[in-house]
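Common to both upcoming complexes is chain A, partnered first by chain B, then by chain C.
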Partner chain A sequence: MSLSINNVTKRYRIRARKSVVNALNGITLSVEKGRTLGIVGESGCGKSTLARLIVGLEPPTEGSLLWSGSPLGQGVKNTFRSRHSKTQLVFQDPYSSLNPRQTIGACIAEVLKTHKLRGDAEISARVIELLAVVGIAADMQTRFPHQLSGGQRQRVAIARALAAEPELLVLDEPVSALDVSVRADVMNLLVDLKNKFNLTYIFISHDLSMVRHISDEIAVMYLGRIVEYGTWDEVLNNPKHPYTKALIESIPEHTNVRGIDFENVLEGEVPDPANLPQGCAFHQRCPLAVESCKLKVPELLNATKSHLVACPEVLK
Partner chain B sequence: MARKDKAVEIVNDANENAIANKETEGLSQGQIVFRRFIRHRAAMFSVVFLFILITVVFTSLDWRIGNKDKPLFTIPGWWKYGFEDMPELRYADCPGGTVGCPTIDGIPFLDGDGVSLGDHPFGQDDIGRDYLALVMRGAQRSILVMFIIGIIAATLGTVIGAVSGYFRGLVDAALMRLVDFIITVPVIIIGSVIGFHYGNKGAAFLALLLGLFSWTGLSRLVRGEFLTLREREFVDAARVAGAGNRRIIFKHILPNAVGVIIVSVTLLMSGAILTETALSYLGFGVVAPDVSLGLLISTYQDAFTTRPWLFWYPGIFIIAIALCINFIGDGLRDAFDPRQRRRLSRKDKANARNMASRTEVA
Partner chain C sequence: MGFLKRLASVLTTLFGISVFVFVVLRVIPGDTITSSLGIETGVLTPEQIDTLRAYYGIDKPLVGQYLSWMASFLSGDLGFSYSTGAPVWDLTKSALLVTMQLALFGTILGVLIGISIGMFSARKPGSARDFLGQFFGLLALAIPGFVLSTTIVTVMANKFQYFPNGYEYMTPFEDLSMNLQQMLFPSLVLGIAVAAPIMRTTRSALLETVDKDFVRTAYGKGVKPRIVRLRHVLRNSLIPIVTMTGIQFGYLLGGAVIVEKIFALPGMGRQILDAINKREYATVQSSIMVFAILFVTINLITDWVYRKVDPRIK
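Now for the complex of A and B:
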């Protein structure tokens, strides 16, 4: 029982500009059941695209996604519903991911109906049960999303995902739209749920402190590729790739003295994914770049047994 | 002090929210919409008024079932004349030497004989036909035309707009070119051609054909609405939740587009009455001996200065019906919008203040 993503690419054709956006460029990953994989990276590096591919909202251009050996995605239409009950997605913004015209009870009941998980008579009891699991009182089920706070909405979104009885839950920046004060609550809830239902998580975020809190393994993405992968301890405490180092150094620590500039801040912009640079996608911003970086896309190589880095320079 | 006021205000706001929440507790969406609609004064007044108006209009004249001349049986109306009857033209006591003036007496006690309808409350036309009966018959035709056009255009416009907005691509391109094609020809010209050829087939048939040409504006609006809504995250969320195309269209996108649809359908319906009026005015709508409100107005436009009642009564009916429909649409749109919070009454505000002061003490 594991998720394996094999050499997945995703390209979007933009007709107006007659160009192709390379959102994902050969992602290979695997997640064991019961583990949490954290995926970090800047905006636009393909994190959310990967999430959409995993839950089957879009098919990959190339490559395959397998959950315990059977394919996800690739437009397998007849297994659409059974597939979704195994992988569910919690969206980033609970303000836009809940239908404003649907009460939250109806929203959760819908999942039970479409997947035929409960008979009509048992649906309302199950809805109350699911709301209780995420810590929302039963009498809230007749409320509309606009009558709830951000934290409550995200709890509802989590309850909706759980309603399908998934094995793998993809969390696409589940707390970044929330107030700082309720983030910790929701994070704790997520950890509790994982243990309670024996879930596998893919936790996507640009916030390293949140990823550190929950992940077993961490993958760092840059422009649709994985540049570093390993256990959370190795990636965060002993980062190899220059991009990972820069990401970690850009976390504002509360011990930092005010007024001091961050060191080693990345310069320049992320290159246009419609016009990828030759060779290593990071070489234009990389402090370690040499001539050979412009020629060949670096492969993920073992630094230690459980730590992979896509940078030949740091492995020398 | 200022700070305390602010605090009280915040608590007040929270309590107002609590009141709004309490109101929607334990109700289905339909019930909530219904409650909100009932609370909309202008809309409720219009519903009642339109209901009374329709009842009065449709029960006024005899209904002959079967052959027109030898009916199987007749449902009698409350008014003594039919629209084809020709009672004697009244010459007496009309102002300025005109004939067939209204006998309705709406000024009680002034001339000593109180409120009375008289023999011909709305007057008579040139050949003595009772004008009340004519206006009633005209209003029947106009309301019929309005509803037929409204229903056909609403159905076609919504379905075609939804399909092209949701599926996009080739389907969208094909349907929208059809819309462009129909939209370039003015409705009044299409109506004239239809009226010229099929006017003698009756008002219902005319309305049916007009309905087939008046859905285009609505379908463009609905398409636009669907194009925006389908990109919203809750649609993706529904798809992940296992919803199919049909469920997404009807349960997720359509309820969010309903405000736009209702408003433009009501505008379309009041527009339909005016289209029918215009066509009849031009002589391409309902043809004599049948009457419609537009036909009455056009027939007697010359009489406006000398016998204005021939103009006023059908005019008032047109305005009344069109206004009612617009108000109802307004109320429905507000009712369907869950974010629309009603203005709290003074009583509710007092309640909120009480709750606030209690929390403060606590």
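Now for the complex of A and C:
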């Protein structure tokens, strides 16, 4: 039982500009059941696109996504229901991801009815049970989303995802829209749920300090490619790729205020994904770039057995 | 508090309308006497004219005329029609029924056609089906009601020998089947006219909603696309559609004069038009007031529907 993503690309055609946006450019990843993969990267690097592909909201342009051997994101019509019940997504913004005209009870019940997970008589009991799992009182089920706080809404969104009895949960920045004070609560809830239901997580964030708390493995993305992959310890404490180094240095810290000494501050902008540079997508901003970086897209190479880096220069 | 405020503004509006209609009627040239006697008015002596003016009650100062009309209107006496002698309330009652039925059927048809085509169009913006839907919208907007009406009358009567409006008008209580047949074509004409703005509103409201995150959530739940479109997208796009429907319904109540004339339906539009031609002050004023009251009531109902549609509006 595992998720395997094989050389997946996703391109969006933009008709008005007559151009093609390369959101994902050959992603290969695998996640073992019961593990948590953290995916980090800045805005626009393709994290959320990957999330949507994993839950089958969109098909990949090329490549395949398999969950325990069966494909995701293909044959949309036939296996629509069963497919979605195995992989579920929790969205970033709990303010906009819940239907404002639907009570939270109805929102969760809709999942049960769609997938026919419970008989009609058992639905309301199951809704109360799911709300209890995420720490929401049963009498809240008649409330509308606007009557709830951000943290409560995200709990509802999590309950809604759990209602489908998924094996894999994709968490697309689940806490970044929340107040700092409730982030820890929701993070702890996620950890508890994972152990309780034996879930596999894909935790997407631009915030490395959140990823650190929950991930077993971490993948760093830049412009639709994975540039570094390894256990959280390897990636965060021994980063190899210059982009990862810059990303880690950008984490604000409340200690060591005086000794600010950024070695790897990035300059320039992220290139346009509709017009990718030749060779390594990072070479224009990379302090280590040499002539050969402009010619060939670097492959992921082993730094150690479990630590992969897409930069031949740092491995020399 | 909110309701009292609404009520105050509604009453102010009604007062304004009553004054406006009263003044406009006196400003247009001619009065009850000239319009009933025509050029013969010139034969009358000044004494005879004065007697007639006193008889019709239009010799008093305007403010006095307004107040006495208003007072009897408020006490439920709408006056009577000079030409037929019938009380205005009796005329209005039957005419109102015709107009209301017509407006209701027209709106229902308009909403059905408009929302369907709007949804059809919004499925894929910029595609051929969108173009088709928008083309219909423009066509429905561009064809005047009288062209469509006369075309239907001509084709149905000449080619198919089917023209229920040629017979005497039947109320739904007298002969329901005949009544529905007589209502069919005029409702269709009005429905098509109303469908155009509703279609456009539906399309743009849907396009705004489909990109919302909660729609993606619904797809993520595994809900069937058709159900997502109805339960999540359409439901959250209803506010502008309800608004537009309310406006169109009000417009139908007042603007169906031509259709009523062509299809020989004794509705409010026809009644007021005839009354204006005959300068029957009481008939015009009272009919329009009944109309206005109806109109603002519909607006209040629309507000109430908002609250039903959107639980957030308190």
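As a working rule, the second predicted complex is superposed on the first by the 307 of 316 C-alpha atoms of A that agree within 3 Å, B and C clash if a C-alpha of one lies under 4 Å from a C-alpha of the other, contacts with A are read in each partner's own complex, and residues count from 1 in each chain.
Note that in this section a contact is a pair of C-beta atoms (placed from the backbone, for glycine too) under 8 Å apart; a residue touches a chain by one contact, two chains touch by 3 or more.
The shown structure was predicted, so the numbers you read here are calculated from the model rather than taken from an experiment.
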{"item": "Chain C versus chain B on the shared chain A, clash or fit after superposition", "value": "clash"}
{"item": "Partner chain(s) touched by A:Arg101 [first = chain B, second = chain C, both, neither]", "value": "both"}
{"item": "A:Thr244 touches, of chain B and chain C: first, second, both or neither?", "value": "neither"}
{"item": "Chain B versus chain C as contact partner of A:Asn22, first or second or both or neither", "value": "neither"}
{"item": "Which of chain B and chain C A:Leu57 touches, first, second, both or neither", "value": "both"}
{"item": "Contacts of A:Ala164 with chain B and chain C, given as first, second, both or neither", "value": "both"}
{"item": "First (chain B), second (chain C), both or neither touched by A:Thr142", "value": "first"}
{"item": "Touched partner set for A:Glu110, first chain B, second chain C, both or neither", "value": "both"}
{"item": "Common interface residues of chain A - those touching chain B in one complex and chain C in the other", "value": "52, 55, 57, 80-81, 84-85, 88-89, 91, 93, 96-102, 110-111, 114-115, 144, 146, 157, 160, 164"}
{"item": "Residues on chain C engaged by chain A in the complex (per definition of touch)", "value": "126, 212-214, 216-224, 227, 231-232, 235-236, 309-312"}
{"item": "Touching residues on chain A, where the partner in the complex is chain C", "value": "15, 52, 55, 57, 80-81, 83-85, 88-89, 91, 93, 96-102, 110-111, 114-115, 144, 146, 157, 160, 164"}
{"item": "Residues of chain A touching chain B in the complex", "value": "52, 55-57, 80-81, 84-85, 88-89, 91, 93, 96-103, 106, 110-111, 114-115, 139, 142-144, 146-147, 157, 160-161, 163-164"}
{"item": "Parts of chain B lying in touch with chain A, wherever the complex brings them together", "value": "17, 20-21, 24-27, 29, 232-234, 236-244, 247, 251-252, 255-256, 338-339"}
